[in-house]
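Common to both upcoming complexes is chain A, partnered first by chain B, then by chain C.
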Partner chain A sequence: MSGRERLRHAAVPFAVSLLAVFLACLGGGLFLELRGKDALHAYQVLIERGLGNPGQRTETLKQMAPLLIISGGLAIALRAGVWNIGIDGQFFVGALLCGIVVPELAGDVPRAIVILIGAIAGLVGGLLWAVVPGILRVRWGLNEIITTLMMNYVALNVTSWLVKGPVRDPERVAPETKQIPLSDRLPDIPGTSVHIGLLAGLLVVVLVGVLFRSTVLGYMFTALGRNRRAAIHAGLPVGRLTLLALLLSGAFAGLAGANDVMGVQGRFSGNWHPEYGFTAFALVYLARLNPFAIIPFAFFFSFLMVGGQSMPRRADVPTYYIGMLEGLMLIFFAATVALERLWSRATRRAPEDAPLAIGAASAAAPVSAESDAGDGAVSAPQNTALSAGETR
Partner chain B sequence: MRWQFGQTRSQAAERGEGAYPLPADAAHPSSVAASGAPIVEMRGITKRFGPVVANNHVDLTLREGEIHAVLGENGAGKTTLMNILSGMYQPDAGTILIRGRETKIATPADALRQGIGTVYQHFTLVPNLTVIENVALGAEPGFLLDLAAAERRLAQLLTDFELNASPHTEIRHLSLGQRQRVEIIKVLSRGSRVLLLDEPTSVLTPVEVEGLFAILRRLRANGVAVVLITHKLEEVLDVSDRVTILRQGRKIGEIGPEVISSGDRAAIRQRIVEMMFGGAPAEAPSASARASGAANGSTLLALQDVTALGDRGEVAVRGLSLELRAGEVFGIAGVDGNGQKELGEVIAGQRHVTRGRVILDGQDITNKGVAACSRLGIGYVTDDRLGEGCVPGMSVAENTVLKMVTRSPFSKGFWLNRGAIEAEARRLIGQFDVKTPSTATPITALSGGNIQKLLLARELAMNPRLLVCNKPTNGLDLKTAQFVLRTLREQADAGKAVLLISSELDELMQVSDRIGVIYNGQIVGIFERAAADLEAIGHLMLGGRERGVA
Partner chain C sequence: MNIGGIDLDTFLTAMLATGLLRAVPLVLAALGEAVAERAGLLNLGIEGMMLNGCFFGFYAAYRTDSMVVGMVAGILAALVLGLVFGVLTITLRVDQVLVGIAITIFSLGFTGYLFRDLLGGRNVSADVHPLRISIPGLRDIPIIGKALFDQQAIFYLSWALVPVFAFLLKRTRFGLNVRAVGENPFAADAAGVDVVRVRYLAIVIGGIMAGFAGAYLAVADLRIFTEGMTVGSGFIALAITMLGRWNPYRIVIGAVLFGMLRALGDGLQVIGVDIRTEFIGMMPYIGIMLALVVLAGRTALPSALGVPYVRGHR
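And now, the complex of A and B:
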């Protein structure tokens, strides 16, 4: 591939995602206008409160950390064709485990060790929460979409019960774990007031990028996600890969929980319900499962989350408007990907015998053979997720 | 005359008959000559895909009551031309006339409205709907689906096409031959006067091919223009009235009924081959060049009373026993769906054996799995190139090492060695003459023949002791098919064992040392090639009793 082709290869998907974002903002604005609000003013508030002053920018950067960590893990799962809908549950369990372990150690051991152990607690918590759906999927072919989703509710209630009872800080009335002393929280990046979670997030995303670019494991994940039958045919360890992808994404979700506990909250609280799962899905899809593209989109979503918090007061627009924007982005994303596919189909050389001709052939077409090259991002996980359970 | 085609839906509706132009008593003008009036004229059709000119000023005229074959190698532009006629693509230049009037065919649905129906190589039926539901799908007017009425209207077509299955059978229970008939019925029920068939025989058994041709001849008698896109020369000569040959996007020549019916098959065949390839095709390995002395080699693989289930849990391989010797090509002949695919998968370690043993060179490899079997020297080329053989969206180079990626030098521990992968891909592309713009090209941009070459190259690169090939020449042009067969023969001559599963007896006869016939999951007869008798094999394939053969 020539340099220019390579560039086009990378630029077109990115442009498609940006178009989706733009259309979503446009559509959302239209909705605001119909409700009699001043859309321009609302967006102005959003930008001001998200990026307007150094304090807001710091908040936005801090908020990036969990998004980056979760998205890095989610990209692994989706690339491998595994639908981990259980991000939120894994996040909670990781956060709680971290919130239990860290205060016990605080003060006795050096901060670096405390943080390291806290991070491991988060990883282990998230990983454990993915074990059950993983085994159900690999051993009995149960669809992980259902099991991971259900495990979210179990996590929510189990952590809530634990924090109200067994692990509650007895000195407090609210259902909370013990507080982590300020001296044992995540330190700031020198010269800024952003804690080092951001660096951890960037590191995760880069590692995932390297995983897919240069390692055998990443190659096998991609092959599995794009064509499960070919992976079986080639003798790849399909079961182990599926389990590993799920466990890794769970572990990273848990790590994000530890990040929030050690960097922002200082404790695990029963009233605390950040729901990153859906945001992460939107984010990873807009980034087209490309780990490096996750970084700018994580920044953007983080900005939306931070800026959106001020919208109710300043622009009389509820915070969940941001959730609506995310939903619109996914809808427009799906639409623009379809357009991109049409466009590339029209311009690409069509080889003889390639099953290009089948899909649209008839109203009765059952499943169009998915033969498109550049746009496996959306289709690959969908295809395989629907056919979970190939145990022979 | 049983059917009357040629009404559009609206005409039929005007007469209050619903959508189906079904048997009308009014006799259709049966005086349609063998070569009737032109229905479709394509003039100067040009279609480019980027730098590639897929069709270069191609003319094609389709006449009533004529079977017109369009022949050409992979990449000659056949499929593109048909996709233009079926409304899938728009031509860059040229015009299409339907009954003398210039027409634009915007979409496949538009083509259907104009009376041009297409039966694709890969069927477009819904597997878990019934025959009736599939045919009625999209054709029944109105919001509510009256299947009973549809069935009444379709009854005649279903009888006429000898489907031999209840119209309430779900498609997934039908054989491929039956599914193809349903496709044809579906297209005809919408009033098609032109029927395009893309590689219609590639999924059929010899008997089914005959059945299909009988149908096509009846359609011809009814004045339908039939277009066969194929590269199977013999079949074409059996049934066609007219042959158009494409090469590299251009129309090289046309042979009309006056020549075809002249009866000099050898001369016509010679002429067509010259037009298709611009010279004589690669020579087939001559039968005498193969000493069958190799067949005395030691036993390499033994299957003992093996039973395995198919994808739907049915018994696909039924207590099958078989011995393969080093140095031989063992052909498996059988009608599709008699357990040959599952047999191949069992040997490759890809399918679970529920009873019996698989022994490779004295070692029990039963249920060891694909990776272990592959390491022990078993190669398997699947018949499902796109669905199973390769990973769409990955490059040619990445697909080349799909089965070897964990081995040296393609990986060093945890890390991929992209340089070695690239080098290996280049080496195999060169050695097997795979036509691809680069190693970074997505695999799906290659033609079927080139993907097949790459899959074969990939297996041979691992230097297997035993190679299992399921229908390796399916859908390939003559030259590529011969190349593949020759390669298999060479492997056997080099002391390896080859199990060749095929539904084409000619190709089995050409390269095999022994031919085993599989029927209903069992080997029902084994023939030495020298003693093989096509008729006896065919008899066994269809479930006949063994007739005194070892």
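And now, the complex of A and C:
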């Protein structure tokens, strides 16, 4: 492949995502105008309050950490064709476990150890919550879309019960765990006011990138995600790979929970309900499931989250606008990807490293022999999950 | 009946009455989803469509004080999203899960936005006066009487849709086409069925029913709107559809069971049993998973579910 082709290869998917972002902002802006708001002013506020001064830039960088950690994990699951829609539940359980464990250790052991154990608590919490849908999937063939979703609501109730009762800080009325002393929170990156969670996030994303770029495991995940049936025929351990992808993405979601508890909140509170799951889903798709592309998109989404908080007061635009924008981006993304596929078919230039999971494959690869239903157009093998069998 | 100082009649009446009420939106949404899934469309946007039905239904009812206007508005709002889902998944053949979640994310933000913008985020209630039908004689039957025969007109209408959908799927040409398109679109196409048209009709029905379910929840049942008020009802309806294997009657069994699980809290409160709301709160979700495990292996999805149709691209 020549250098120019390689560039085109990387640039086209990226341009498609950017087009989706642009169309969503445009559509959202038109909607604001229809509702009698000043859209340009609203976007101006968004940019100023998200990036305008060093303080806000710091906030944006801090907010990147959980997005990076979650998205890195989610990219594994989605590339392997495993729909982990249970990020929020896994995040909560990881955050709570970290919030329970860390205050108990604080003061007795060096900070580095405390943080390490806190991170492990987060990983374990998220992993535990992903075990249930994982086993249901592999052992009974239950569709993980449904079970991971249901586990979110169970997590909300379980953590809320625990934090109101058994693990509540007895000295407080509010449903909260004990506070982590400032001396045991995540330290700042030297020379900045951004805590080291950002580095952890970048590390996670780079590791996931390396996983897919140069390991057999990553290759097996990708093979599984592209064509489940072919993976089964090729003798890949499909059940174990599916479970592993779900567990890894769950563990990282839990780690993100630990990051927020140790780096930002200082405790787990029953009134704290960040919902990163859907945001991360949109983010990872816009990054075309490419771990390295997650970094700029995490920055962008983080900026939207931080800037969006000032929109109600300064532009009379509810913060919900950001959620709406994320949904619009994903809807436009779906449309632009379809157009990209048409275009690549028209120019007979089907990129072999085409975006996974989304439509493109049908143009790129001749449909495999055993497919009986025009398969290849979409990675939907997991949709047969309820019929079980295949993964045992 | 009185066991251990607990008034069982009161308990059962409360459970059944609330349970049936809670089941209605689940049944409505699940009936629509059954048609969509039978045609090969897995609609994860159902949660968002319901939420749109809630907001637009509620807002229209609030502004006009008319329940009928509210229901129609809710249905239309969800219908539009159904068409968006159709264009992206049927015509443009994008992944259904991706599109469904995109629609749900959008709807969460969109309805939250409009709730703040149009209603200032206040929990106002709609002043609708639904037509109540109370059947003399029958309503006096112990335990089930009040739950079944002293309800709003729309309650009866909703349950009447169950046999209608059963008939539609089992006994009509459209139903046959829907099933053919979901099982083997190539054979259906070869037999002269317009696959694209049937799938569009199916998702339109799915959207209408999700909107109806949402509007019922916000207008007929609760008469208020709050952000994200469906709390996963759409997803539960989706699971109930799978549990009921696209059979409207079996869907009803699942929905009533989960409606009653949701009503458990009210029922226990009536008889004075104190139990943590969190345990009650997670019951329906755990129940769904358990039921899926029990029925695992005995549920078979339509084989073309989630698979876009490309003519000649076998």
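Following the convention adopted for this analysis, the second predicted complex is superposed on the first by the 349 of 392 C-alpha atoms of A that agree within 3 Å, B and C clash if a C-alpha of one lies under 4 Å from a C-alpha of the other, contacts with A are read in each partner's own complex, and residues count from 1 in each chain.
Definition applied: a residue touches a chain if its C-beta (ideal position, glycine included) is under 8 Å from a C-beta of that chain, and two chains touch if they have at least 3 such contacts.
Since the structure is predicted, the reported quantities are computational estimates derived from the model, not experimental observations.
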Under the stated touch criterion, which partner chain does A:F281 make contact with: chain B (first), chain C (second), both, or neither? second
Notebook entry, point to check: Which holds for A:A130: it touches chain B only (first), chain C only (second), both, or neither?
Noted result: neither
Inquiry  = I'd like to know which partner A:I295 touches here: chain B for first, chain C for second, both or neither.
reply    = neither
Larger residue footprint on chain A, choosing between chain B and chain C, goes to C
Checklist entry - Is A:V306 in contact with chain B, with chain C, with both, or with neither (first, second, both, neither)? => result neither
**Asked** Thinking of the overlay built on chain A, is A:L142 touched by chain B (first), by chain C (second), by both, or by neither?
**Response** second
Which partner does A:E326 reach: the first (chain B), the second (chain C), both, or neither? second
- Item | chain B versus chain C as contact partner of A:I69, first or second or both or neither | neither
Footprint intersection on chain A (chain B / chain C) at 357-358, 362, 371-374, 380
Seen from chain B, its contact residues with chain A in the complex are 49-52, 54, 74-80, 83, 86, 88-89, 107-109, 118, 120-122, 124-127, 134, 137-138, 186, 198, 349-352, 369-371, 373-374, 380, 382, 384, 386-394, 398, 402-403, 405-406, 411, 414-416, 418, 438, 440, 442, 444-449, 475
The residues of chain C that touch chain A in their complex are 42, 44, 48, 84, 88, 92-99, 101-110, 112-113, 115-117, 121, 184-186, 227, 231-232, 235, 238-239, 242, 276, 278-279, 281-282, 285-286, 288-289, 292-293, 296-297, 299-301, 303-310, 313-314
As the complex stands, chain A meets chain C at residues 35, 83, 85, 132, 136, 140-143, 145-147, 149-154, 156-158, 160-161, 164-165, 278, 281-282, 285, 312, 318, 320-328, 330-331, 333-335, 337-339, 357-359, 362, 367, 371-375, 377-380, 383-389
Listed in rising order, the residues of chain A that touch chain B in the complex are 1, 214-220, 222-223, 226-227, 229-237, 347-358, 360-366, 369-374, 376, 380, 392
